[in-house]
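Below is one structure, written out as structure tokens; the observations come after it.
Here the chain labels run A, B, C, D and E in written order, and each chain numbers its own residues starting at 1.
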């Protein structure tokens, strides 16, 4: 949920500012217009639905959930895990960690270590993890792409709504005194479209892109860790290398936190 | 046909919303104007025709058909096929599958396996499949490119139409009371151009790009499968590897579906 | 000339549509304005001249001629040639084709085969052909770049013309009744600029880019063919490989056409 | 602080010009409007906050400080250091420099040399430094990205403010004589948004991107220097190679400046 | 100076056309407005100054001079030089050319050949030249980047000026008859900004980019020539290979021009 606080907070601040700005200069009612909302929101949604195969669309909520709402962002844990695994493996042989990896939540990590235990060649393990990383990243990309497209279509449909309003108004121009209110109504869809794009879709798309990059660093750690385990590198070297990926803040947090216990690992999910 | 439902549905929803939006605010007749339609639609079509060599244009309907209307999207089948082929080949030798591949619909799959049977070197098979993948992807790209260009030219010709309307109206401005209806007419081409771009061409272009990416994953499976067959890898390893490309949903579907029978394969197309 | 029919046809259709659109709504004379044309067309031309070194500009007509007006697009011939050359070379030794290649129009093909005959190393031949391909593609790129830049500058100078018109009109605004005709005149340059960009320069640029891509496939065939000859590959394998580059239509055409005769080759250009 | 003078000076000149331009044509008071400022500045800030994970946002001031306000841009020093280190190492063995590197400010330089001293393999040192360079560059990129996004959102919220102003004004249009002042107020947010983007955020973003490129050249020097030390290259060759990265002006400065003393290095930070 | 004729000529033609266009439709005085010029030109200059570190800005005139005003574009000379050097080196040994290279103007060429004479390894020479090419290209890039940024900021400050003019005019709207002249003045900054961008900065940026590409081909020739010298390739092969980089026109010119004399080289700069 923590990842959601930033965008949610920003969105609330933004909308409060817009409402305050409207309220301080005129009646809020002038900005509420259901038909304008329908053409802008649902029209752009129709265009977005057209833009993606249905099974791709279905993935969007899952990706958002996985990346933003409920991310298992345990980079520190993963570095600690590799540290423990490599120590135990050096002491008791690689087979000794087999029971420890059964409950790992990250399937790429689990599969990678299983391949090391099974004695697969380094080349094959490397290819398999790279493949899973590529496919994972590709799968994630649908979410920012979807939001970006909606952020492009929303102002376009705002403009379509405004064009409809203008053409109707100009065509019926018997009474020039109505030109003002007609144009005001016509502009509301442009207002909605710009708001949706700049206060909802585009910022969210950027945010999710960033979160995906972060996620991919986690996979990079797993990639490097598994390869280092396969090569039987020194536990201290492995830990040093994987620590390069952590930010100074994470490094600090890592040192102050409790060491991970492989015993607990077998009882609960990471 | 399944791939067509999404974009078709989205387009219908979008147009219904636009019609409803017009109908609820003024006469629909104000938005129907044949000359405006002709300059926007056929004008932008002329520009698109100019933009591509004729034999490239000819390929567009075929690509749309192949990718969107009638895609043989049997990723699950292909993984199963490789599973069966590798088992049979391990049991009875690679020559035993020669008769099974005669009816394969996917020519790259067929040619690739034929090369394995013919005992070509891995390097040569790899190059040939990569070449076919590149040329296939290149051939497909004409469709989204074509639609994107049309989506760019449609608003431009909408603007040309509006400029014509404005220049005529402003030049004849004897009676200021006609300025409204003149401008309304002038704006219709902009409305048409924006609609065509945002509710037809641009969403379709994005959708087809996505479908092409999906198609290329299928080719990637074939690529990997054929190479693995040539290297004589373990049937279980081949299946595991190729399964990485499937989504969780496809994996589920694969497990519940009937196993593929090579006997049937010889009688009918895949 | 065949390559020119599409863009020429499209351009004629587009202009006819625009003329018809104007004629059906007002006097054509309102759209003819020599000074507007001069500032838009020649102004943007001046900016394009500024944008490229003079010797680069000089190359544009030659590239357009080479790629669009008079392309020697004999992909089928080239595949046949390699087929014949490889057969003859296998039968009578590589030296036997030396006399056959003297009249080849494509200099890269000729030089490549000459290097094979001279017994140069594969690595050197490969480098040389890749270098020639790179330099050829780079040389071609000036044409679409030039047209794209003109397509960008034309609307900009249309806007400059309109700004001049507006500033003059607004500054002299003694008689408000003249505002209409003044603005009509001011808008004509925008109209010209948009037309030039969307019905001449931008579509031509896209078309030539496509034709260049096609040309580069021909060079790719030559590249692969020469390398295969140098490696002494099997004539049938060479033909199979090079055929991958042909479209289904070209393949059909190839099968129905007469075989190429190396005897004729020595008498006339290919 | 030196890096800050350019952008700060430019910004001051720009704002003075704008104020002068306003003051010379009308009352400055017409351009001061707190609500307009709030919606434009804080609205776009809200959208930027939405666009980045909070811990990424936190990094921005630190990156700006590190790159622009307080950069340790001692490229000359670093070349000199490598020159001294390589001489001393050749004379007394690589272990002799261990005490000298304890106070190095640049952690990548220190860790790189430590690895050389520890006798790690070239391949591992190379990978580790490349990894640190990649992660450093990635970490820096948040700053220009953040400023660019703000530079995109500022005009968008300027436009939202103007739309609000227009809709309110047009809706209340009882007295046509107020249309002027209403529109003037509505346009102020557009003015603010354009100013913020073009005189603050976008130029700063470009500047920081340039400074990051410069920083990465410093890392490139460190990368090359450490690798050359590990390979035990000739001190003169190392110095020659690293000098290629310096500009002519830096080279001059280097020759006239005092040689670096490793003795002092141990007492103070570089 | 020759490289300057094209852009200078284009700029003069463009400005003459604009002046003629203004003069033929109204008083030139309406387009001359010092404050408008100051805000547009110096305002955008301030933004450009903000966008680059000061020492980067300092490089721009030097790069423009080096690339456009005074380029030593002696591609033909360089090919001839390599031809002579390789002949002499084959005849009298590589050391025999040492005295000939002392006066070479191009420092990369000189340093490259010196390294060959010094008997450095091919790998090291290759790396060093590639490094110098990369750094040279990077150094050149500041010029088009600078001009492009100015070309982006000029219209933005034109718009800022117009917004200031509009807000002042609309706020003081006592006398509606002044609206015309007020708007005319307001639009002048937009006119200036568009002119500066499209008739000065953007075309120059494109031109310099092209000239840089040309320069880099010269470096490519040097790169290839030096490597070929180091490998001791056949003088005729070297000449053949380097000639691939020349255009047909340059090739012709090369054949008709006098051969280069290494004796003269020692007395004067190339």
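In this text, contacts are C-beta pairs under 8 Å (C-beta built on N, C-alpha and C of every residue); 3 or more make two chains touch, one makes a residue touch a chain.
All of these numbers come straight from a predicted model, not from anything done at the bench.
A rotation of 145 degrees, rounded to the nearest 5, superposes the Cα atoms of subunit A on subunit E. Each chain gets a centre from the mean of its Cα atoms; for subunit B and subunit E, those two points are 43 Å apart.
A straight line joining the Cα centres of subunit B and subunit C is 26 Å long. Following the touch contacts around the ring from subunit B toward subunit C yields the chain order B, C, E, D, A. Interface residues of subunit A facing subunit B in the complex, by the touch rule stated above, are 35, 38-39, 42-43, 46-57, 128, 131-132, 135, 138-139, 149, 153, 156-157, 159-161, 163-173. Interface residues of subunit E, counted against subunit C in their complex, comprise 3, 5-7, 9-11, 13-14, 17-18, 20-22, 24-27, 30-31, 177, 180-181, 183-184, 187-188, 190-191, 194-195, 197-199, 202-204, 206-207, 210-211, 213-214, 241, 244-245, 247, 249.
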